[in-house]
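By written order: A, B and C. Residues from 1 in each chain.
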Amino acid sequence: MDFELMINSFPKLLNATLVTLKLLSASLIFGLIIGLCFAILRINKNPILNKFAYGYSYVFRGTPLLVQIFIIYFGLGQIDYLRSTVLWVILKEPYWCAIIAFSLNTGAYTSEILRSAFQTIKPGIIEAGQSLGISSKIIFYKIQIPIAIRQSLPAYGNEIILMMKGTSLASTVTLMDLTGVAKYIISTTFKPIEVFIVAGGIYLFITFIIHNVIKFLEKKYSFN
Amino acid sequence: MELLSFGKTGWGDELLIATMMTIAVSITAMLIGFIFALIFTPLKLSKSKFLNLIGNCYTTVIRGVPELLVIYLFFFGGSGAVMYVASIFGYNEYIEINAFITGSFAIGIISGAYSTEVFRGAIQSIDKGQFEASKVLGLKKPVHFFKVIMPQMLRLAIPNLSNVWQITLKDTSLISVTGLVEIMRQSYIAAGSTRDPLFFYSFAAVLYLLLTYLSMKLINKLEVRYSRGY
Amino acid sequence: MNIIKKFSLGVLITLFLSFSANADKIKIGTEGAYPPWNSKDASGKLIGFEVELAWTLCRYIGKQCEIVEQDWDGMIPALIMRKFDAIMAGMSITAERQKAISFSQGYADEVASLAVMKGSSLEGMETPAGINLTKPNAAAKKALKTLTAGLAGKTVCVQTATIHQNFLDSGDVGKVNVRTYKTQDEVNLDLASGRCDAALAAAVAFSDYAEKSGKPVVLVGPTFSGGAFGNGVGVGIRKDDTELLNAFNKAIDKARKNGDISRIATKWFGFDASM
């Protein structure tokens, strides 16, 4: 064990953690929006919209994230037509390709989490709102959504941690995130174990924080 | 379609073999995961704080670190660790571990952490009365475990284990870094060689979808079987 | 039942327990993604200059060999961890790598070059045909200045952990936006897609790609050698493995004398890249 290397690589890795956190937060925000849209489609009674939303979540949950990110980065980059459109401004950048892949992936899981949360809301609650004369729009935004969010907190917390780990795949499309920088350090020092242990420790620390924040929120918003 | 033809010019036969490899690694990893779960679930449920700590360490660390890192650590550190253990027993030759076992173990350790959580949850949700009833009836511990707890636990665990299987199956795409030629690596090679990544990565996605679809069908059948009598 | 048991036991043993029973076998690691040095054909077989040369060298050493595939970014760590005994993967002999492993004498040399897509603003830079960076003369220094000006703010793509990356990181051509890829195949793809303004690699890697893909890839600027680019390509071997090092050095001597290296190099590169 080369402890000196571990200590020396720590600041560089900590710096790269910022990139990881940026990727994570951007993906989570976009993923939540995508997930909410698709969850609403899933509980919609229109069979076409319903099937479409189900297909999306099935494909993105049934394939590895690595394949998804490769299709979006290397695959789409090969379509000549795409390169002549405005889309290329975004797809040209590895950073945005990674965020698109992560958002679509976490969006699929989030839509499932929110859907089951919506479906577990007792009809009585909605009926109570209706009998009080509250419009269905307000019932949806002020009653259904807040309850769904509370219901889905534990599962969504797990999803955040899974996504955080997933961001390590950004390094496969040239991004210098925590894993990317770890690999870079290894490419000049040839000592993978030491560097990966330090990087792993940082990831673990982030997981620990996310885990506790979610627990705190669960307690704060619990019904009891 | 020419790209998928069998024989020397196409990638059809290579991808088929790679798909078999993905299935083989997934199953082996899942089984290795069960072994880990069998060791760590009792630790997590144990009354001893120390054993508890060991169990929690395993599931927390493995589930808190990116799979890619676990695989890299296992790939580079695996044979070193095995040789270290062997040297304690006086065996000092180089021990080689092939790509299949390295890959299966790396994924198996990850899979095991998830399985452990599933088993723990399942056992904890078995009605306390069951344990007491066995005691009252004077059932011996092994009988109690295998005939009373195990069947109920399996029924409760199967839906969640199917999630673990999906995770395991998809995680095998990451062991392409160890050189084992499964779906992802073969697609990677084919994409590089033919300069057609869009086709091959999309095809890989289809293969994974097919595997997840077929395994879900199979698991649903199992679920029906184990829920008999409920 | 007995047959099934025996069969599954056999399968288990072959799958799991491949302890190195054959200590006499030399294992050689290569990447399989760096044509024409080493690559894979559609039947999944490793091919290329170094694969053919490896078999020839093994014949001279008089031992059985096995060629093992290994991703480039883990090549040296894998050698150190004894996943294989030698590296033949277009790996240039550099001082930095020699801190970690030994190298045999060089068996082939490559010059590096920048490549761009036709129509790039970087075309037509006025530089000498080739510069040596070991002791850069006035012309070479001037060429580096021209490159520094031309590449400023540009994205230059390289394969990770290569001499090409080291050169760009060294700052000899100023501050460029370096983007690193796992394989040269990926570098080529992104050069063609326009994500990279330029790429730096062995000149043959680009000409091979241009020929096979039909994409308008053109070499620009001088060819580079010496300095960060090392002293030719050699066999990488663990530091404590002097016996194998000597064996490879002798085998390379013989192969060179008999004209094997020139012949194989000409076959794969289209010119004699041997040294």
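Here is the rule we use: contacts are C-beta pairs under 8 Å (C-beta built on N, C-alpha and C of every residue); 3 or more make two chains touch, one makes a residue touch a chain.
Remember, predicted model here, so these are calculated numbers, not experimental data.
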{"item": "Chain contact graph, described as a line, ring, star, complete graph or other shape", "value": "complete"}
{"item": "Chain pair with the greatest number of C-beta contact pairs", "value": "A-B"}
{"item": "Inter-centroid spacing, chain C versus chain A (mean Cα positions, whole Å)", "value": "37"}
{"item": "Averaged-CA centre spacing for the pair chain B and chain A, given as whole angstrom", "value": "23"}
{"item": "Multi-partner residues of chain C (each touching 2 or more other chains)", "value": "74, 77, 186, 189"}
{"item": "Multi-partner residues of chain A (each touching 2 or more other chains)", "value": "74, 77-78, 192"}
{"item": "Multi-partner residues of chain B (each touching 2 or more other chains)", "value": "72, 76, 80, 191, 197"}
{"item": "Residues on chain B engaged by chain C in the complex (per definition of touch)", "value": "7-11, 14, 72, 75-76, 79-80, 93-98, 100-101, 177, 179, 181, 186, 189-195, 197"}
{"item": "List of chain C residues in touch with chain B within their complex", "value": "15-16, 18-20, 23, 32-33, 39-44, 68-71, 74, 77-78, 81-83, 183, 185-186, 188-189, 212-213"}
{"item": "Contact set on chain C toward chain A in their complex", "value": "73-74, 76-77, 80, 96, 100, 157, 160-161, 165, 179-182, 186, 189-190, 193-195"}
{"item": "Of chain A, residues touching chain C in the complex", "value": "74, 77-78, 83, 92, 94, 172, 174, 183-184, 186-188, 190-192"}
{"item": "Residues of chain B that touch chain A when the two form their complex", "value": "60-61, 63-70, 72-73, 76-77, 80, 166, 170-171, 173-174, 176, 184, 187, 191, 196-198, 201-202, 204-205, 208-209, 212-213"}
